[in-house]
Amino acid sequence: MAEKKMKRCPVSFQPDIEEMLNAGSLSPEDFESASQTEKEEFIPDRQSVSYWKDAWRRLRRNVVAMVALGVIIFLVLFAFVGPLLVPYDYDQFNKGAENLHPYHYSLEDQQRLEAEVAARTQTGTKSVDEMIAEAQAEAEAKGEKLSTVDIAKIRAQAKVAQQNAQGGESEVDTETLRKELGIKKKLFGYSADELERKAAGEQVFPHVFGTDMYGRDILVRVMYGARVSMSVGICAALLVLLIGATYGAISGYCGGKVDAVMQRIVEIIYSVPEMLVVLLIATALKPILTEFVNTQTGPLRDFVSVLGPNLISLFIAFGMLYWVTMSRIIRGQVLQLKQQEYVTAARALGASGGRIIRRHLLPNCIGQIVVTTCLQIPSAIFLESFLSYLGVGVSAPLPSLGSMATDALSGMYTYTYRLIIPSLVLSIMILSFNLFGDGLRDALDPKLKK
Amino acid sequence: MGKYVIKRLCMALVTIFFVTCLTFLLMNAVPGSPWLSEKTPSEATLAALNAKYGLDQPVPVQLLKYLQNLLHGDFGVSLKMQKNRDVLSIILEMFPVSAKVGAIALCWAVLVGVPLGCLAAFKRGRLTDSFLRVVCTLGISMPSFVVASILLVVFAGGIQALKIFPTLFDPSQGWKTYVLPCFALGFYPMCYTARQTRSAMLDSLNQEYIKTARAKGLKNGRIIFKHALRNALIPVITYLGPQVAFTLCGGFVVESVFSIPGLGRYFVQSIQNRDYPVIMGTTIFLASFIILMNMAVDILYKIADPRINLTKGGE
Amino acid sequence: MSEQKPKLLEVKDLKVSFFTPAGEVKAVGGISYDLDYGEVMGVVGESGSGKSQEAYAIMGLLQQPGKVIGGSITFEGEDVLHFSKEQMTSFRGSRVAMIFQNPMTCLNPVYTIGNQLVEALRAHDKSISAEDARKRAMEMMEMVGINNVEKRMKQYPHEFSGGMRQRVMIAMGLICHPQLLIADEPTTALDVTIQAQILELMKDLQKKTGMGIIFITHNLGVVADICDKVSVMYAGRIVEQGPVDDIFYHAAHPYTLGLLRSMPRVDAESYERLIPIEGTPVDMLNPPEGCPFAPRCEHCMKICLKKMPPYVEVGEKHRSACWLRVQERLNREESADE
């Protein structure tokens, strides 16, 4: 038989014809023509997944990006809703609550400690007069008399000893004492006054992260700092988007000489060291705008004074320098899309240039625009903190995470948390935006997915 | 190739000119004369001072004069920080310190970043990759002052055993004194390099010539090190230029934190003291340095990639 | 053919799946064929029909998340799928070579042509001296019709035109004298005139070396020119298989017929129209129960939508998987019975 020539694998997916024919499993109606509807039903409906749905599905599966998104949402709430819940203000000096640690000892514990310290001091260090009396007794025993110079010497030594006891050494002493007494730190900072009020049954909101040297609540300042950072980041990103997209779209769409000139400008700005120039602009604009606010009147002055000279200089710097990457991306996309037929078709139908850019070109590069904008936010926050750290960023009294870190440098070994908390919040914020931006890029542009 | 170098050089000179003008105009627009913050001098003294430093002339004349002086290597004299000292001599004294710290930082960044990036690329999708990815993203998310402060807290904090490296710059300690500043300065570029290497490596591994190499029956190691790495490193070169700029600017912070007597710290101090000639001089000097480094890196890139210098001729 | 000597290549019920996040994509759903020494087989099918994946499976070049999930591949009696990593590495390039669709991207841009040719040779022949290897590489380049070899060896891929690069690819593939060459759409990316040259070259080389070739293409014209036999693939399955003349003159599967009709012919009457195959290929993510071509088939019957058709012999070594052929055979048997 002819069939035998083709060797068939026993596990083949293809059914054996002999088996089928012999089993008589085929009926004549099987060989009737199938109707069109039957044919259509045959193909299982493939859910047509839209671009955004598909991207969202990919994004949702990216655990890191979703965690980052969660952190971002938390930080937004922290920065924008948080200050409403905390009854302190960022520039409010809480008298008597200076230099609080983010922990406290309860009133009873403090009393116990004081009693213990008092008990030990009596036996421990001697007062100045005691020391002099002792020395005199000693001298008399030897048959000498102390001169006034000697007495002054002893007095000075005793004072130094006493100061030492009160300062560094007693610090260590109280630490060990606390350990011996089993006194534990309790969460959140309270001033002595606040503790008493709390003991009296009053509701007192704690200083969760402690306070700074002026008694300003650090939690609230961090919240405002985060708010400033985030606003700066988002506004700067939007500014970059606006300028970059417009410039890039025009440059790419016009082509020819216009494009050539515009690209030369981009090339020059591209090779300018941004951070240096931003620093320069911020430095120079600060006095210029301060002067402007002090001497001028009118709505522009009000606008400037509301934003503060430094934020404005930051935005100017971004508007001047940071849009080039965005414009390059958009231009590239536009150039690519310009070749495609539907643009030619639109042009043949008499659509104007602006309409073509709006309706046909921009929607096609939206993915890349979103990703670039999203990744611009952390870089703006980064830059803002850098400037604030160097003292030319956000102006006091408005806090910024960067300037808070600078302020904390002086007492960093005693009040480490003042340095660590703003730094951590800042890093986590930038990290989340970066991770989310990465995830977004993977989701929106599968080609780029690595 | 020669044509490209010349074109690139012209471009760099235009950019330097642009930055110089911008610097000058910005500094000029700052209200008040630089003398005002000291005790108010008399009118006559002010006029004399202005005349002495040429501040009484119109702005364009001043700009031209400044540019002319720059070409002769005259950056002006410091007005406050080291009164009447030539700015160029200050820069030349301070810069080598910054350059040394920066170069060490950049070196370790590249030497560690590239292998880490490769490692992440080979282990793509595995735990190592995810871990490195988060660490490197964290690295590019931490401003240098955060890294520097953490180092300070760890190495100069309460724990005696960790006080192995000095946190204040002290050349008598030898190499030890460079450890912390260079780590702080190089951490960002290291993570950045690792990320770029990873994506360049993955890109390279996805190329068709890798498939060809596999089809030829080459061993895995050879495919990775000969075919993938060489191609992946070429784009990494281009990121070096911005990294130089970033390291120098990061130096402002790191030098201040670790009290390194370099140009960066001096620059920050001059900003706080509003010593305008120093600000201008330093900005122009650093900007030129960065722009020229960028140019050098671009040219290096063209040399490293055989595709470009020959197909496009001099373009 | 003798039973003792194994065929050059035997593929049995090969299945390849891609495990994507959306589910398992059965790129190749059980195909079988064999190839003898010196035979040229064409594999024809549209994009996504699994023809390239099937070739990658032979080379062990499947990319993640692709995997061979069933069947066997036997090369000269050896089980390729159970090769160790080292065996596979030495198998690739020396006994079976592959050339790819796009010669523009298949050569490493940062190494010279000579370097890459010599590398291919020395990967399998460790004992050969550098000088000998260079000579062999130059011979190979001359053999594939490249002039000025001495200079060309030192050039980079971008200095070669597309056709020249494909010649280099062929030279690289053949430098170790493989018994089998897999050509994955080697002419698709080239100009028509260059296509003809490359085909001519391959035919020539095949005669000279006597190697077997699997020629993957979507161009039936190319198949007619060079192949001894043809497998037509659709949706991961071979729907028709047979000697090249049978396929062209006695096509037994509606898909093959459709392909033939959609192909421009020089000898056609001017009023004859090209007829495209309506519809789009099935979704490989959830392939239907019945014949995958059914929805696009003008002869579609009820059974086509329910059951996979079996292979029916329609001629010498010519078989087709279509219910129409089953029906014909049933009718024939009935009339024979009467």
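Going by the order they are written in, the chains are A, B and C; count residues from 1 in each one.
Criterion: a residue touches a chain if its C-beta (ideal position, glycine included) is under 8 Å from a C-beta of that chain, and two chains touch if they have at least 3 such contacts.
The structure displayed is predicted, hence computed values, not measured ones.
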| item | value |
| --- | --- |
| Farthest chain relative to subunit A (centres taken as mean CA coordinates) | C |
| Contact-richer chain pair (by C-beta pairs counted) among A-B and A-C | A-B |
| Whole-Å separation of chain centres (CA-atom averages), subunit B against subunit C | 54 |
| Euclidean distance of C-alpha centroids - subunit A vs subunit B, Å | 23 |
| Chain centre separation (subunit A, subunit C; CA means) in Å | 54 |
| List of subunit C residues in touch with subunit B within their complex | 59, 61, 89-94, 97-98, 100, 102, 105-111, 119-120, 123-124, 156, 158-159, 169, 172-173, 176 |
| For the subunit C and subunit A complex, residues of the former touching the latter | 12-13, 15, 21, 29-30, 32, 70-71, 237, 282-283, 285-286, 288, 290, 294-295, 299-313, 316-317, 319, 321, 323, 326-327, 329-330, 333 |
| Residues of subunit B that touch subunit A when the two form their complex | 11-12, 14-15, 18-19, 22-23, 26-27, 29-32, 124, 130, 133-134, 137-138, 140-146, 149-150, 152-153, 156-158, 198-199, 202-203, 245-246, 248-249, 252-253, 256-257, 268, 271-272, 274, 279, 283, 286-287, 290-291, 294-295 |
| Subunit B contact footprint on subunit A (complex, rising order) | 64, 267-268, 271-277, 279-281, 283-285, 287-288, 291, 378, 382, 385-386, 389-392, 402, 405-406, 409, 412-413, 416, 419-420, 423, 426-427, 430-431, 434-435, 438, 450 |
| Residue numbers on subunit B that touch subunit C, as the complex places them | 207-209, 211-220, 222, 226-227, 230-231, 234, 305-307, 310-311 |
